[in-house]
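Here it is: the structure, laid out below.
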Amino acid sequence: MANTPQVGILMGSESDLPVMQEAGNILAEFGIPYELIISSAHRTPVETHDYAVNAAKNGRKVLIAGAGHAAHLAGVLAANTTLPVIGVPIDSSALKGLDALLATVQMPGGIPVATMAIGKSGARNAGLFAASIIATANPELQEKLNQYRASLAEKVRAANARLQAK
Amino acid sequence: MANTPQVGILMGSESDLPVMQEAGNILAEFGIPYELIISSAHRTPVETHDYAVNAAKNGRKVLIAGAGHAAHLAGVLAANTTLPVIGVPIDSSALKGLDALLATVQMPGGIPVATMAIGKSGARNAGLFAASIIATANPELQEKLNQYRASLAEKVRAANARLQAK
Amino acid sequence: MANTPQVGILMGSESDLPVMQEAGNILAEFGIPYELIISSAHRTPVETHDYAVNAAKNGRKVLIAGAGHAAHLAGVLAANTTLPVIGVPIDSSALKGLDALLATVQMPGGIPVATMAIGKSGARNAGLFAASIIATANPELQEKLNQYRASLAEKVRAANARLQAK
Amino acid sequence: MANTPQVGILMGSESDLPVMQEAGNILAEFGIPYELIISSAHRTPVETHDYAVNAAKNGRKVLIAGAGHAAHLAGVLAANTTLPVIGVPIDSSALKGLDALLATVQMPGGIPVATMAIGKSGARNAGLFAASIIATANPELQEKLNQYRASLAEKVRAANARLQAK
Amino acid sequence: MANTPQVGILMGSESDLPVMQEAGNILAEFGIPYELIISSAHRTPVETHDYAVNAAKNGRKVLIAGAGHAAHLAGVLAANTTLPVIGVPIDSSALKGLDALLATVQMPGGIPVATMAIGKSGARNAGLFAASIIATANPELQEKLNQYRASLAEKVRAANARLQAK
Amino acid sequence: MANTPQVGILMGSESDLPVMQEAGNILAEFGIPYELIISSAHRTPVETHDYAVNAAKNGRKVLIAGAGHAAHLAGVLAANTTLPVIGVPIDSSALKGLDALLATVQMPGGIPVATMAIGKSGARNAGLFAASIIATANPELQEKLNQYRASLAEKVRAANARLQAK
Amino acid sequence: MANTPQVGILMGSESDLPVMQEAGNILAEFGIPYELIISSAHRTPVETHDYAVNAAKNGRKVLIAGAGHAAHLAGVLAANTTLPVIGVPIDSSALKGLDALLATVQMPGGIPVATMAIGKSGARNAGLFAASIIATANPELQEKLNQYRASLAEKVRAANARLQAK
Amino acid sequence: MANTPQVGILMGSESDLPVMQEAGNILAEFGIPYELIISSAHRTPVETHDYAVNAAKNGRKVLIAGAGHAAHLAGVLAANTTLPVIGVPIDSSALKGLDALLATVQMPGGIPVATMAIGKSGARNAGLFAASIIATANPELQEKLNQYRASLAEKVRAANARLQAK
């Protein structure tokens, strides 16, 4: 189906939505269908497990998971699928996301989670990274990524031009 | 059954056994039947899930989980049972167990994991804490805990006596 | 007595009450009688010692202690009782609770403190964990814990439903 | 060409080879052609830049970069290609890889680096993650990944069987 | 030319300008011509590379680079020039600049970056340090630095006098 | 009595003796009578409490406490005496003494512990600091401290002379 | 002279005054004459050196130094006097006082600095600790310290009474 | 004089010599006269002060200071000269040089210290950075730096050639 989500973006709590929506916004810019799902590694473990187990046959190509505190969501997804799983640590505890970062990135051998920076910039990069994965088999998307990258450079150049004009 | 394990001690890897055996040794001192299980949150998620889901009806009263790196095992067990779950962070990564500590202790609201110190002293304390849980409904075991505590004090006093005699 | 507190919730300072009340609220939900006590490891050491020494014979089954800075309260209680002691690190210093976390969790061998996450979610989990300890000998309470857990899952599902309906 | 490397594994120093070879070994297990390249972000910036700029047209699909200290290699590659770049922090400084981890993972918005755990297990996971990316358009490889995952589970089960047989 | 900038102050993002302007203000106090440039290590790598490669022949004597997150800008400049490069870590991520500090200071052997404190005081010190470099061959500027230092002492003495007069 | 110990050096475990003996050695150099005591905040809380409560009337003028892990010993002494208490964090856990440092130094308002560096140099400094406290009312001891300080300077000068003679 | 300050409280910057005044307030409660001095280890090194060198002969018995960032003030004082020096780390940088704490407490062997907690509670404790040093030779002051301690306990008891009365 | 040292390399202890000699070796490669001096900020503060105060008129152009623990040496030098001061944190404490890094780099506004990486690679970079400062007024030395940089690149290329030839 044309509209089958290619990327599943999961988060454990409604409060993580403002961060994880950033990943979705990037995917939308690239025309990649995605879905946002609230599913908790700890509070709805069965749904989370089932989502991961069925993700590939349901047409997902990449999963993105955002979580704070002892962030287990990305790891739990990765344990139940061999699709690429991208983790976004969220700064929602007293430790400012250091806990979520270490709980996401320090995965033991065999079960990789591709970890991004803490917070919104990490969520945007998760969207971009998912696009770059899909683009490995999609030259048109690859070209869009190149154009997006060029537009980032253009924004830096414009900012510099504003500064020089002061 | 008299010998049904009351405590399940789980670890994700054979290499964690020298640490987690310490928990078992303490339980053995108190005559509490236990079992040691290798089951990985990430590599055998289904077995781990099933163990947790069935632990209560199989007669377990307390679970202990030891893990290093992004230590998810205790959290995954806690997500699938309401038995008390005790977590032991293990120092098996470059970050000396700080990653395992934060990934174990910083659980989000709703799914507690009772976290002990990093490494062998944490594993011993996990055994003791499991005993103290069981003892809340077992006066005889409570009395053994009191005697054990007295024996710890006696060892400190003996060490001090040796020092004063120098 | 029916109303003898089964759980003692201690804190060293009145300013910790908004955090530690969360533990009490959870216990109230489960119908477990508890008491909130302000008693400082450092400023009222005798009262703190006496509370711990007498806790078991006064009918307490579990103690919960919340403290910030160099958080010694849980450890001091644990040194004077063999009841299960649960520690809640509180974020009340410049170091954002990392000091309280390490001072609570890194207990030496022999004297366990079951440590929860920093702050309010840790306090709620302390209440839940205390309930799970008491439930090991109380099937009715165990059943309530299972229902509570199911309600947490239901809330996640409801949040997801709201999101999908957008 | 059948043997065109699909994955480029770069490192800044010969001393990083024992770690980064682990990524290559995994790719070899999956029959994915790769190359190992020593190229420094700081000491051979032009070669590093040129490698990244030409990687896509030279047939690379994924890049892996390992570095210690202030690890810039993955970020410099990512700045010059829109191929997926995977970063492996290496523990080669006094700070045990925490510096390399933060310098790799905390990329600003727009230029993602998919970060793995510090050291050899991270390098192995980088190889696996690269395979999972390529597998998104290669069902046969996807199947191999599933088999590999099954073999990891089997090893855990075998270890548990050995333990139970003691 | 009299007005050729002797110091180039680079930053990766317009949002870093309020911090890096502090370095410029100090240079202005000493009458040292400087320029402020927005150029990103990751989003405009070619411009950044070209700036560094041509800095010496364009008359720059010292470069200052400010960046947050995984701060690569100073390192990328240092990789492409042998002029002295001064790095200013900026506190713009959840980790409060610790990431930027480590990513700036922990440079591998061969490519030094002179790192200052995180944030505005670091930016001011970067300006002063650039002045002290230029002053090594400019006795008049050296004298101005001595006077500036004397004025700092005078301010401390005046503050103390105010305090004693209370 | 001439030989009444003026300084009590306490430690929780025999294994801390090689570190804490350093404090005693310094005191011996200054002719200050001291005693070394093994007494644990957690395993012999009553003896530890009694020692602190009676320290002043038994002639102690300063207490020194060394502990690792969640180091509570100095704090527990300080809670039970208003004599000056000096804390020495010991590096005996996976976290390299950072836990002991924070658990010793981050005391809440009202109950100070004078904290030294982690390990043997901290223990030596604890001895010196105890001497400097006693010297505030003992001009002869003050003079000895000045001579000791001069001897430290002499050692540095001698080391420099050796270096210059190479 | 009756009013010769016995305690010198130094700080490097006027902005540290609200923290360090807390130390003075405590000393005032005990009737101990003190002075507050702004003198910077880095900006007025000669005055700072001279203050320390002459402190003993000017009648000071204890020095207290508060500083943020790379806090050198206490160490510089301690290098130039054998009077007891107490250090108070101040949270005035991006790193929340962790830098000041480590720069104050980790003194090398031979030159102790008695370090207190970060911030205002540390400053209050510095005042109390200075009082406890002076009290070692002043039984009347020792008695006041005991009363102060008793008043702290009374406040905790009163807070608990308020809580129980709710 | 032709042989007047242009760079003074200071360290507080003989045990730091193996690290700091690396800085000297680099300067020797470039034919820059230097001296190695043992002088402690804390144990020989007068000599250290005098060295800094007289460094400029004695012909020094740059100072390098290496220190561990609460590393104050570079800051103390910088407080007493306006010559450029480069700091090298040394890993000689339990905290692995993190203490020395923060105590060196987090200098307050007005007194910059140019901080290098922890340990030997930092010392080498200190030598290189001193050379780059002197080279700002010495085109011949600038050319040598460019050649040195080229030789570093050549070594990387040679290492890569060896790897490709395997």
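By written order: A, B, C, D, E, F, G and H. Residues from 1 in each chain.
Following the convention adopted for this analysis, a residue touches a chain if its C-beta (ideal position, glycine included) is under 8 Å from a C-beta of that chain, and two chains touch if they have at least 3 such contacts.
Keep in mind that what you see is a predicted model, and the values were worked out from it rather than measured.
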Chains contacting each of subunit E and subunit G, listed by label: H
Candidate from E-H, C-F or D-H with the same interface as E-G, over half of contact pairs in common: D-H
Magnitude of the superposing rotation for subunit E and subunit H (Cα, nearest 5°): 180
Subunit B and subunit H, separation of their C-alpha mean positions in angstrom: 49
Centroid spacing, where centroids are CA-atom means, of subunit A and subunit H in whole angstrom: 43
Distance from the mean Cα position of subunit H to that of subunit C, given in whole angstrom: 52
Gap in Å, rounded to a whole number, between the CA centres of subunit G and subunit F: 19
Set of subunit E residues in contact with two or more other chains: 12-13, 43, 69-70, 93, 95-96, 98, 105-108, 110-111, 117-118, 121, 149, 152
All pairs of touching chains, each written as two labels joined by a dash: A-B, A-C, A-D, A-E, B-C, B-D, B-F, C-F, C-G, D-E, D-H, E-G, E-H, F-G, F-H, G-H
Subunit C partner contacts - residues on subunit F that touch it in the complex: 12-13, 41-43, 45, 49, 68-72, 75-76, 78-80, 93, 95, 98-100, 102-108, 110-111, 113
Touch list for subunit E against partner subunit A, complex: 12-14, 17, 36-40, 43-44, 47, 69-70, 93-96
Interface residues, subunit F side, partner subunit G - complex: 56, 61-62, 82-84, 86, 101, 105-112, 114-118, 120-121, 124-126, 128-129, 132-137, 142, 145-146, 148-149, 152
Interfacial residue positions of subunit E with respect to subunit G in the complex: 91, 96-98, 117-119, 121, 149, 152-153, 155-157, 159-160, 162-163
